[in-house]
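Shared between the two complexes below is subunit A, which has subunit B as its partner in the first and subunit C in the second.
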Partner chain A sequence: MQSGERSTNVIKQLLSRHETYVALAIVIFSIVITAINPAYLTLRNFLGLFQTYAFWGVLAVGVLVVLISGGIDISFTAIATVAEYVMATIMLRFGGDIFTSLLIAASIGIVLGLINAVFIHYFKIPTIITTIATLNVYYGVLIAITHGSILHSFPSWFNNFGNMLVFTIPGSHGGSPYGMSVLTAIWIAIIVIVWFILQHTRLGRAVYAIGGNAEAARRVGFNIVSIQMFVYGFMGLIGGIAGFMHGLMIGAAEPNSIYGHELDVIAMVVLGGANLAGGKGTITGTILGVVLIAIMGNGLTIMRVSSYWHNLIIGVIIVVSVSFSAYRGRRAVVRRSVSKERTEAVG
Partner chain B sequence: MPSKLLVLENISKRYGGVQALDSVDLDINAGEIHCLAGENGSGKSTMVKIISGVVAPDPGSRIFVDGERQHSYRAIDAVHRGIEVIFQDLSLFPNLTVAENIAMSSTVAGGSPIVAWKEVREIAKRTLDRIRVDLEPNAPVETLSLAEQQLVAIARALATDARFLIMDEPTAALTRNEVDDLFSVVEELKTKGLTVLFISHKLDEVLQISDRVTVLRDGRKVGTYDVKEVSADRLTALMTGRTLVAKQKSEEQTYGPAVLEVDNLSREHEFHEVTLTVHGGEIVGLTGLRGSGRSRLALSLFGLNPPTAGSVKMNGKEVRLRSVQDALRAGIGYVPENRMVEGLVANQSVRRNIVITIIRRLLNRIGLLDARKTDEITTTLVRKLDVRLPSVDAAIQTLSGGNQQKVVLAKWIATEPSLLILNGPTVGIDVAAKNSIYELAQSLADNGMGILFISEEVAEVAHNCDRVLVMHKGRVVDELVPPDISEAKIKASINAIR
Partner chain C sequence: MKRQSSELVTLGVMLALVFLLMWILSPQRFATLTNLQSMGSQLAVIGLLSLGMMATMITGGIDLSIIAVADLAGIVTAFVLTAHHPASGFMVFIAIVAGLAVAVVVGSLNGLLIAVVGVSPILATLGTMILIQGFNIVITGGGLISGFPSAILFIGNGNLWIFPMAFVIFLGFAALLHLLMRYTVFGFNVYMMGSNPTASRFSGVDNTRVLITTYALSSLYAGLAGMIMISQYNSAQAGYGSNFLLLTILAAVLGGTSATGGFGTVPGLFFALLILQSLSSGLTIIGFSGFITISIWGIVILAVFVLNFILSKIGDRRRKRTDPPPYLGGGELRNDETSA
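Up next, the complex of A and B:
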């Protein structure tokens, strides 16, 4: 009896979570895609997919933290681009090693992120406005100085690192060996770190707290300045790391290959259940959001759907997912806003 | 002599040109429930801010905690002394769980940057047990009712080892039953030695829960009284500075022809075979416990909740009420229970809120809003209803509850209805504003309007109505006419069926 009760409880809990439905969508799409082309459901395909999407996945994790805090950051693509470009310039002119390159990209990212934080906190400019502005400023300065030229012919120590595999699986039937890319490993490492920060540190809970009720967070004694510095500084750091990864992935720094994809990344995070109003979102959901978009893109290609349809189909998935989650959440939200307004009305 | 936990002497606070508090003394005994009562603008909130250290009083003010003079007294000092405020908005984190909310202070103050989840759960459990409240610690706070959220806020304050709890208007948005539950928690805390300062303008609650009450008026202290020595009437007089004169009801009064005739109206599971009449110039009270079907019936009469059987006549003609437009056409106005959600557009101006019901009438030949007519109507109504506001362009949310309610009334009066339904017209507004709403209802009736006055506050029903209907489980079970209309008799009628 009791175990039956417990298992219905577990099911209930699962059904109340957004992540469950995203995971379900992934499973269903995977079945459909495999039925059409069995080449989809292979370890090789997935490892390749995760290599390609690790870069977007890393950015998504940064965006998740910003969304939970109740803000938004649009400028991260410019941050990643600038970080990549500066890193590439220094690398090409002075050489160096992989750690210095990472350090340079990360530092540039942190600085640009902190600039965002300063504007947001001290000038009280809404985060979306601030970061749209800095997106244009960061990117504009870069283009003005470089005239959009592409940097390439990176040193071999850099390119070799990008081609490294964490583990290798020999190809069967004489196929080429394959394995997990170092890029995927970086993504996984960042996932673990951010998960730990969000779930198990005071700082992480503070990010949830200011996203849920900023005024209450102030009253309970959280230091709002330092939390915001962390959130946008961390987004900058992530942007810097992503810029580094992009260099590894492409082997060149081109100003307009990341810029313009801000909303794609935000969409992945929202797809994973993060709330643009703040306070809500999980690492699991974000990973699932990235994976869903990844397998959709991949699956559509494998199914030979014309790429003209990709945007439309992915757009529809996002609309359906977000509407569904809004529909499920509406009852709680209505109740909350009614009670909130009642309290206000009395004042 | 009980020991004094907190003594405030000669407290003054000036904000620019406004003297919010003027030499107020207040003393709180350890272990008592003390109530700070007063109307809006009497200085209660400023007092709370000073006690909690959020605002510093002007020089010359003296604060003693446990007999010790406090020279600098900031919010953090108050917290260290075990003084905790539960603000009206509760300051909870809706997205976090009950447990995390309760333990939040210790998370913030904790030495380690790592959250000890086991400890969080233990703190929550211990505190909830202490106030004997059974809430699921893992439930997100946003899924709880407001009353439950209130309990979470109390638990959170207690989790910090508070010994003096200040509750700012804790009952403002609670139903009667929820208030009773809350009070039993407060009583429980008192037996455990906690001191409570309770801010309220609801007299029955003040009398029910407190040991002593301090009344403020216009920033000055009127006095501190033992609750056993004051009555509700006396408190009202102390808070407002005047006495309310009860309406003289006569049996001989004559009314106009029937405005509203409801015949055997039913809606499945909500109300059954309701028959009632409201005449022009008559105020008919409709009361009963929460869930008795009062509000459902009101919504049906306003076209929002179509009845399943029976008929409604307005001014002698049968009407079908399937939408708000139908109700408007039939000459019905409805002042809802929850004005901020159902009655007003909070961020829009007073002017726009008032004319929203008659926007069609204000269009000129080419279909644009006639500014002069709009102004005329708005200013006339604002003056007539004595709405206190800086300008008709002020946003609704900047007004006090009483003035907001007057704007709701104004917008329905603008439609010149023959029947006005008032559903809980004085919920959450202070005594003086209540009184002016009563006067307004009476003057509308005197001009021939029929009024259906729905309220669960028996006192105001007795005070205002020419005839009183009592509902229970969806049926009208009793009708009282003068001279039987009194608080006691209505209560007796409600209790008889319980």
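Up next, the complex of A and C:
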């Protein structure tokens, strides 16, 4: 009896979470795709997919932190591009090793992110305006200096690191061996770190707090300056790391291959249940959002649906998802006020 | 009112300075009729898009779907035109009406999602943006539609005496929006809703209707921009003008539109557009690349905000206010919820 009650409670709780529905969508799509082409549901396919999407997944995690804090960052694609380009230039001219390259990209990212934070915090410029402006400034200056030329022929130590596998699985039936890419490992590491920061540190709770109600957070004694510096500096750091990963993935620095996709990344995070009012969003949701977009693209290709349809289908999913979550949010508010009235009537 | 007129003066001074600077930098080529004409016709597309963006920003929202809608309207018009070869004058008219009608339908859909379903404007229009972009690719098969009658080409490239037709269209619709916002009940309601949606609801304003109308209006202006775009490119395609999206937000903000709603005027936006167009045109003449121009736009916006902030700080000190100003940063997007 009791255990039955408990399990219905668990189900109720699951049904009240946005993540459950995203996960459900992933399962349903997976079943449909597998029914049409069994090549989809293989470890090889998924490991390849996560290698491709690790870069976007890393950016999505950074965007999540900014959205939770009640802000938005549009400039991260420019930050990633600039970090990648500077890293590549230094690497090609002076050599170095994989750690100095990562360090260079990360530091550039942090500096650019902190510039955003200064405008946002000290001059009280709305985050969307600040970051649209700096997106154009960072990217415009880079293109003006480089004329958009592509850097390639990276040293072998760099490319080798990018091709590294964390573990390998021998291919069955004489197929080539495959494994988990180092890019996926970086994504997982960042997920774990951000999860830990958000759930288990004072800093993480502070990010949720300023997103929920900045004024209340300030009065309670949170240091708003340092939290905002952390949020935008961290987004910058993530942008820098993503730039480093992009270099590993492509083996070249192309100034125009990340820029322009800022809203696509934000859409993945939003799909995972984060909203732009701040104070909400989970890392699980964000991962599921990225995975849903990844398997949709991959699944449609496997089902031989023309790539022309991809954007339309992803657009439909996003519209349905945000509408559904707004509708549920509204219903929850109504239900809460009804039950409150009831308890008041009883009392 | 006082805030708005002083803002216009500031923008006017800025415009005069930028214009003079560009004139001095290239005396032979900047203030020529040809250059001014080309500035005017370039300004039309981003101008119409910014007008639509501004209208939604005044309600406290945003419309990210405008570029996708502009492309869609252009594609629909192009389909009707190329389906009826050779297109008569009447067919041209029908084609334009069809394109604009589709735009208004999408805009109303945005409005419904925001006002009725309760999705925040940035998410609703982000969704429809990706959806419509996808739809555009599907219906065009990723290709280009071209071969338009001369009447269509005239819209974007012709001259009315010395004035570029595109600029005249922009000016006409800017004036129309100005009248709508300034002298009608609808305009009054838009401002009131943008500054305080709860107050406007309790004073009898139908917020739902105001929102749906505003987003339909924004899409209509995007559709008009789409007409000029297909005329100037002499073709329709998914993906035209995608660089304009974020720039329209910057233009609106430079013109005094608040990111949290309630403020923004057509004259302010008009001055802002002239400033930005003079900057990019002047810099291109000197030989700067388009990208450095865009980054200078970014710097100008940041500089204006920083300057405003410092001036207001000085003003505060002069008034010897003792209590510190409340913390305001970090939550400006909260207003997105107000539509719920």
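Convention: the second predicted complex is superposed on the first by the 330 of 347 C-alpha atoms of A that agree within 3 Å, B and C clash if a C-alpha of one lies under 4 Å from a C-alpha of the other, contacts with A are read in each partner's own complex, and residues count from 1 in each chain.
Here is the rule we use: contacts are C-beta pairs under 8 Å (C-beta built on N, C-alpha and C of every residue); 3 or more make two chains touch, one makes a residue touch a chain.
Predicted, not measured: the structure shown is a model, and the values here were computed from it.
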Q: Pick one for A:77: touches subunit B only (first), subunit C only (second), both, or neither.
A: neither
Q | Partner touching more residues of subunit A, whether subunit B or subunit C | A | C
Q: Quick one: classify A:126 as touching subunit B (first), subunit C (second), both or neither.
A: second
Q) Counting only touches as set out at the top, which of subunit B and subunit C does A:298 meet: first, second, both, neither? A) neither
Q: Would you check which partner chain A:276 touches, where first means subunit B only, second means subunit C only, and both and neither mean what they say?
A: second
Q.
In the overlaid three-chain picture, which partner chain does A:310 touch, first (subunit B) or second (subunit C), both, or neither?
A. second
Q) Between subunit B (first) and subunit C (second), which, if any, makes contact with A:215: first, second, both or neither? A) both
Q) Counting only touches as set out at the top, which of subunit B and subunit C does A:203 meet: first, second, both, neither? A) first
Q) Which positions of subunit A sit in both the subunit B and the subunit C interface? A) 211, 213, 215, 278
Q: Please give the residue numbers of subunit A that touch subunit C in the complex, ascending.
A: 69-72, 74, 119-121, 123-130, 132-141, 143-144, 147, 210-211, 213-215, 218, 224, 228, 260, 263-264, 266-267, 270, 275-278, 308-316, 318-319, 321-323, 326-327, 329-330
**Q.** Residues on subunit B engaged by subunit A in the complex (per definition of touch)
**A.** 87-96, 100, 104-105, 107-110, 112-115, 117, 140, 142-143, 145-146, 149, 169, 172-173, 338-341, 346, 397, 400-401, 404, 428-429
Q. What residues of subunit A sit close enough to touch subunit B in their complex?
A. 199-205, 208-209, 211-213, 215-217, 219-222, 278-280, 332-333, 335-336, 338-347
**Q.** Interfacial residue positions of subunit C with respect to subunit A in the complex
**A.** 64, 113, 117-120, 122-124, 126-135, 137-138, 141-142, 242, 246-247, 249-250, 253, 259-260, 288-289, 291-299, 301-302, 305-306, 309, 326-334, 336-337, 340
